[in-house]
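Below: a set of structures, written as structure tokens.
Below are two complexes that have subunit A in common, paired first with subunit B and then with subunit C.
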Partner chain A sequence: MTKRRNAGCNAVDHHVTRRNFMGTGAMAGAMAGFGGLLTPSMAKEMKSGQKQILQVYLQGGVSQFESWDCKPGTKYGGPFRPISTSVPGVQICELLPYTAQKMHLLSVVRSINLQTDDHTVGRLFMEKGRKNGDYPFVGAVASKYLTAADNPLPGYVHITTRGLVDQTAGFLESKHEMMRLEGVKPPTNLERPKDLSKSLAIRAEGLRQQLNQQFGGKRSRALIDSYDTSFEQAQQLMARSDLFEKQDEKELDRYGRHWFGRRCLLARTLLEQGVTCVKVTHHGYDTHAENFNFHVEQLDEFDKTFATLLGDIEDRGMLDNVLVIIYSEFGRTPKVNHKYGRDHWGKSFSIALGGCGIQPGGVVGATNADGTEVSDREVDGAHLFHTYMQAVGIDSQSDHTLDGRSVPIGDPVAAPIKELLA
Partner chain B sequence: MRYIYIPGLICFLWGALLPCSALSAQDQSLHDIIDDSLRQAQGDLADRSASVIDDYGFARRVYLDLTGRIPSPTQLASFVEDEQANKREALVDQLLNTPEYARHMQYVFDVMFMERLPKKHVAPEDFQGYLRTAFSSNKPYDALASEILGSDGSKPELRPASRFLLDREIKREETVRAIGRVFLGRDLQCAQCHNHPNVDDYLQQHYFGVAAFLQRSYLFTDPKSKVVSIGDKVEGDVKFTSVFTGEESQTQPRILELAEIVDPEPAEEPYEVKPDTNNRGVPKYTRRLQLAPAMIDAENTAFRQNIVNRIWAMLMGQGFVEPLDMFHLGNPPSHPELLALLADDFMQHQYDLKYLIKELVMTEAYQRESEFVDVADAEERPLYLNSSAKPLSPEQFAWSLMQAVGVVEQSRQVAIAAVTKENESLELSSPEAAKLIEEKVHAALKPSVDKVVGVFASSNAASRFDASANHALYLLNGPEVSSWLATGKQYLLDDLLKSDHNADVVKSAYLAIYSRLPNEAETGIATAFIEQSEEAREEVIRELVRTLLCSAEFRFNK
Partner chain C sequence: MRFDETQTSEMNDAAPMPEESGKPDPTKAKELKQFTHGEALTNCRLDPSGKYVFAGAEDFGVYRWEVETGEKVIYRGAHDSWVRRIDFSNDGKQVLTSGWDGRVVVWDVQPESIQTVELPVEQSESEEDSEPVEPKVELVVDKPVRVVEAHRGFSRWVHAGPNGKYIATCGNDKIIKLWDARRWKLKKEFVGHGRHPYAVMIHPDGESLVSEDLMGEIFVWNAKTGQRTRELKSVMTGFDNKFQADMGGARDMAFNADGSLLGCAGITNVVNSFAGQQDPIICVVDWATKEISSHLRTKSNSAGVAWGVRFHPEGFVVGAMGNQNGKGTVEFWSLAEEEASESAAPKEEAAGCDEDTAPEEPVEEKKPREIKPFHVVEVSKPVRGIDFTADGRRFVIACSDGSLRVYEM
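Right after this comes the complex of A and B.
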């Protein structure tokens, strides 16, 4: 596995090839702004920084019409209006006013066709970059290649409630399997048994290390070491149980006191602490009935909280190293059904992404006038997977090599969306 | 050093050249032939072989490998004290005839065949029961494979065997991959859309050759009983296109490079039973039914080499070919002649698993210490100078945990009492009684086994070892382990607390957990751990036990 050469998230010789990138007029200004950020010292700092990923998963399938790809006044457009954003010429749905003010940090892909309307198939395709097969998720791959060897925290954490039990590590090692947090509760078995004193626990840990030292002395070390490491990780997690304790009241005021607010605040903490990939799920977008009312509620909760989180990541100087992805397993049907719902639709929908390695302020691809099909630059889960990997500096066109096996990291039949890469 | 050993060498060479006949003509046992062959490959390094393991180590190793759990202190003592010259062989013979052997093999093969897939149409317990019966009667492996690949779920007595196909719903993606991995040692998944990009000899035609056996099969739901089984039709051909070259091809059923199996001339009426909504289609000639005979055919060397490689890996810690499902030209076996010889010999012995397992366990290579003599040899390609410390499977680990802390023994006493009560005339030492007792113990402890396995089972079916923080957290802080370390339940801790003498406590703990005696230094360290604590003695001894359970020595079959 080789890291992509010179692929720091801020390569100066970025190529912008798509005509509609940022709109022709806006290009010059934004480019100047980007170049201005790159003082030599900062660039150096960023190169040494660990690359991370924040995935915000809108579970159930957010409607592209009510988010990133408005079709006002058309047959299927729905009642909401588009609004201007911080990027001249780029408009998104009026249900996302706070996010609209952060669009200079994000780009939108409006031309995704997964050719499936199935939740599981769509979700796995968006995560694995393969429509089927035993491949690892984005977060597991990131955990494997981006996590420093001495990082005691798990590489891939998912903050969620409902249990979608996916095998996320595929053929990668178990330590890259997603660690699931039930909302903001700590992981299972994090607390020391009640009858065990701290001092005895410390002595026991010392004894364990001594025993293993002895046992491993004249044996092949690889497996024994990895067993040892799992206990070190466990000890580190137990020592950091404060991460999961009470959240700061003032911060909760900013993020919102609903579950999504609390989760996004925990996500920020975990990113700050160095977890490689943090996934936050916002449930409830499968709007087969009352699509419009539900989107008003859901996106109201999402919008301000997400914009706050994105702003915090930027303010802390982390955005150059954190790839941010907002996605679903598919979009929703153009046609509105008799219950005012929109159904599953994987044929033409959108996602947004930004931060590490991504050219901001752009729009890639388009759907036709009614939004019923992709009209320009069709991509699928495989292209997106390649793009995420390239953005964080993993060469998706090289191979995983694991105990004698070599498997292409990204699907060899697809390629990254070059015009999105900074 | 027995380096030059002509009969063995000759036999070994002949064995490679004349796969079927050479072995039986010689008097030498297979385990000696294996050791000679390995020694050949070791060359000058052979004198750096580790010594043969002592009786404690041997007992722990064979109990784990043949019965899936560590020995109880009583079993351990009775073996160590046994003064027969051939007591190792006697123990192996004894263990191979226990119900625990059949249970352990059930676990191993269930995971291999079904990769912990959830239930679809056949209850996993039925499949597991079917496997256990097969291993208990030592059903020849080719017969087992035949039943698993040939069952369609319509015959009640073989319905459990059909889980392999039915619970993958004969979906091409999953089924072809499983057949390739499990029966041929080849993961053909990447050859689905194009010839494998990195493996020269995994071709798209191999993938689709296997797919063609099943192309005409479908899931049939009986309208009355709602039972799902496999029906077949007489039409449906396999065509495939490479996504790289765009080239179109087709194939009839075939196994790897063997000849295509051509359909006979179609009869005027091709069906015994025509497929319709009420009837499962049964053609006069069914492609699917050609799969099992083609698989076990003597021409298909991949079938027997795969299973021998897997059994070798189970006992020796690594296969001749690693990963186990990556047999290909670019990844040759470490000892190609020996693998071929073993595979052919296995076929000669009617695919007798107990015979193969016993011969491997009786080798010196199996019985060596796992510590290497010279660190320089440690990372050499597998020469078998020392044995390797094998991680316990999740099931082995679960049962060993409960054996070590005394839960199994207690459950056994309960089971013995129940069996005695239910069958007054039954001799407790009889095989029937042993089977009944094992079943009761298993039923009582299954929920706990399932919990441990749920934590330790890997997401990756091909992986034999995994370690992650949640495993460690479970052992350190999880509720089951804590409950097993409680006092007042007649578990291990009550036993240990009976003695006031700390060195005796340490000795008993080592025997129960590591199945060996502590050396002087170890006794010193552990007694110091007990004595230098301010906490109550019970608490400290509990932590000593927990720490031994959390240590690498307990996690591995060393």
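Right after this comes the complex of A and C.
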């Protein structure tokens, strides 16, 4: 495996390829200052250049049999049947009829083997591209290298309900840490306290900046700048509480009025506003019992909403710049247990992805007839991480530069899945 | 030519069925024989004559065993998914199967033609000089009487009405359908369930239908007008806070002989349904008042699902449980029993399900009685279906290990 290191250089120059240069360099100038968030024209310009990521995380481990890799009529195939999609010859589970009509925008990887059946290990591997170590998540890396320097919005937002506590930025600056939104509610403490007057708040902020300057006089600015950014992001969010206010009724009709529909609608808004990586979690796939009834319910909720979101991203001309990933920490066992459940299974499962930098309409890899093991083109979290990075124009085979040290962005022993890259 | 000998095991070698004497006594229930299948079973029904038991399995087949001989016949070729529910036409000549493929299939209970299909023989090299192995055979029925594309999505239920005129079905299109039983012409659709209906039954008087959905909503419908005449909110559902999903619904439903009582089997007190952590329950509805009169609880309070309910001719209620711990039970309740102790009452969290419908005035609310079983038959594997012979002396259960077990009491 060839390693490409760029030690001694300005890391960003190497990490960000020409394709997304406009998203960082030129746009940085256009968005300098904090007079407000993105104007429509700026948003449009951003859309034309900034690479973004939408992660749809099916928490708990969606069953590959009931989604992307049907095995009808086989020993472990379960009760559901495959359906045709908008890509001739590619079939997915009948529980995804709306997504099936968008498959010309997506590709499927059916040959993932993480060699773990553990939720945490699987989740971290799928996010960090490494099985071990304090590495940053996909969203944090995207935040660092794809977010325009003056973009006041957080680079990495996760819309979820449950609080899974992960150090998502790893060794990167804290400003790339995931900002977690609990559903479509605004972040806590977004509003100025009622007993704090506006003038007092301004004076307090002035004092904070003054203290920062004094403290940072002879010290490295990196940490202080990072905190400054966090404050500034918070201030900008306080000015944009409208992002979290009542959602458009007609849009909710399209997306669904359930929590996942509302989250996906907010995700679209955040992408439109220029957040670099938006992660939306759909809970409820850890189906040790009632796997089939739960997949009927959960995928029924997921399918139409996700297809609507994907269609909107496409309709707005954003799909060339937004990498869309639908994934879990693992799949589910071929064997159906006595509770009609499927248990954890990281040995042979699937994801789907599309949009920015991804060749659509493809199927990579395969499992054997019963779905018990990968039979072709085995990949793991490291290969996927490289692929995501390359798709959005980050050279995953180069390095992070940290106080003079170089750390490979992607695991050097793995490589991107080249046949997936556009 | 021989049948697969592993498929039948007699509990009493060559012993005839016990002589019938006195009333059926659950405390003397004894397993008589066991038939086995290679895949987990999903349900079972005895045909009205009691001669045959039919079962669905986690494959695409329907299986008929002759109770006395163990002869197994495979009905296949019409479903391309699992069969969930089995019922019989009013004259007992046809068996109806509904499945996850959205179909209802009509088969003859005793088809004129049953094919004998030889299975390939696996003979090892070391056995070359030994006696030739007699091939195993399968008895196969591959021609159904009728295939009905009944629902878009899973056909969860089929029930043949009491007078032979109508069939009721429900499915994942959220529609209850009433069909002309002779020609399978759609007579009426009943729309109103907000979530997937899990079961539907035609009342013995033929005048009304009752259905229950994922949210434990029990609807009574006028069969002629299609109007919904009663809505009951049962405790048979729950929202799993951790995983943010609903689970519930009737896994079985049955009327007693005169239609005065309805039993609905399922779950309640959802803690973590994704791991199977919830309580089994059978709700009994008093048909005269259309109120839930009793909650039948299991003896052990083990987490699991009530997969079957039947009213025995002697008046007691029988339930079949599949427990989270990998075991099962068949439990017997007397509706004349005193209310169960405090400990059997529903947990506070689940009891809240009914609060929305509680009247504002502090009128005396008649809560369902909490009843514990008077007898339990332990089963080594989770039970997924139960049925009785017409005289109530025998019952069969379908289990998750593929075994079909015959009991006498």
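Please note the rule applied: the second predicted complex is superposed on the first by the 338 of 422 C-alpha atoms of A that agree within 3 Å, B and C clash if a C-alpha of one lies under 4 Å from a C-alpha of the other, contacts with A are read in each partner's own complex, and residues count from 1 in each chain.
Throughout what follows, contacts are C-beta pairs under 8 Å (C-beta built on N, C-alpha and C of every residue); 3 or more make two chains touch, one makes a residue touch a chain.
Small disclaimer: the values here were computed from a predicted structure and weren't measured.
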Checklist entry - Does the superposition put A:351 against subunit B (first), subunit C (second), both, or neither? => result neither
Checklist entry - Just subunit B (first), just subunit C (second), both, or neither: which does A:319 touch? => result neither
Checklist entry - Which holds for A:412: it touches subunit B only (first), subunit C only (second), both, or neither? => result first
Checklist entry - Any idea whether subunit B or subunit C touches more of subunit A? => result B
Checklist entry - Given the touch rule stated above, what does A:267 touch, subunit B (first), subunit C (second), both, or neither? => result neither
Checklist entry - Is A:382 contacted by the first partner subunit B, the second partner subunit C, both or neither? => result neither
Next on the checklist: After the superposition on A, what does A:161 contact: first (subunit B), second (subunit C), both or neither?
Outcome noted: second
Item to check | Partner chain in contact with A:208 - subunit B first, subunit C second, else both or neither | outcome: first
Checklist outcome for this item: Intersected contact list for subunit A, partners subunit B and subunit C none
Checklist outcome for this item: subunit A partner, complex, touching residues on subunit C are 40, 58, 60, 80-82, 99-101, 153-154, 172, 196, 214, 240, 242-247, 273-276, 305, 322, 324, 326, 381-382, 400-401
Checklist entry - Touching subunit A in the complex: which residues of subunit B? => result 173, 187, 189-190, 193, 197-198, 243, 322-323, 326, 331, 370-372, 375, 378-379, 388-389, 391, 458-460, 462-463, 465-474, 476-478, 482, 522, 525-526, 529, 532-535, 539-540, 543-544, 546-548, 550-553, 555-556, 558
Item to check | subunit A to subunit B touching residues, read off their complex | outcome: 132-134, 154, 167-175, 177, 179, 187-193, 195-197, 199-201, 203-204, 207-208, 210-212, 214-220, 223-224, 226-231, 233-235, 237-238, 399, 403-408, 412-413
Item to check | Complex contact set, residues of subunit A against subunit C | outcome: 60, 72-73, 78-81, 161-162, 259, 283-290, 292-294, 296-298, 336, 338-339, 341
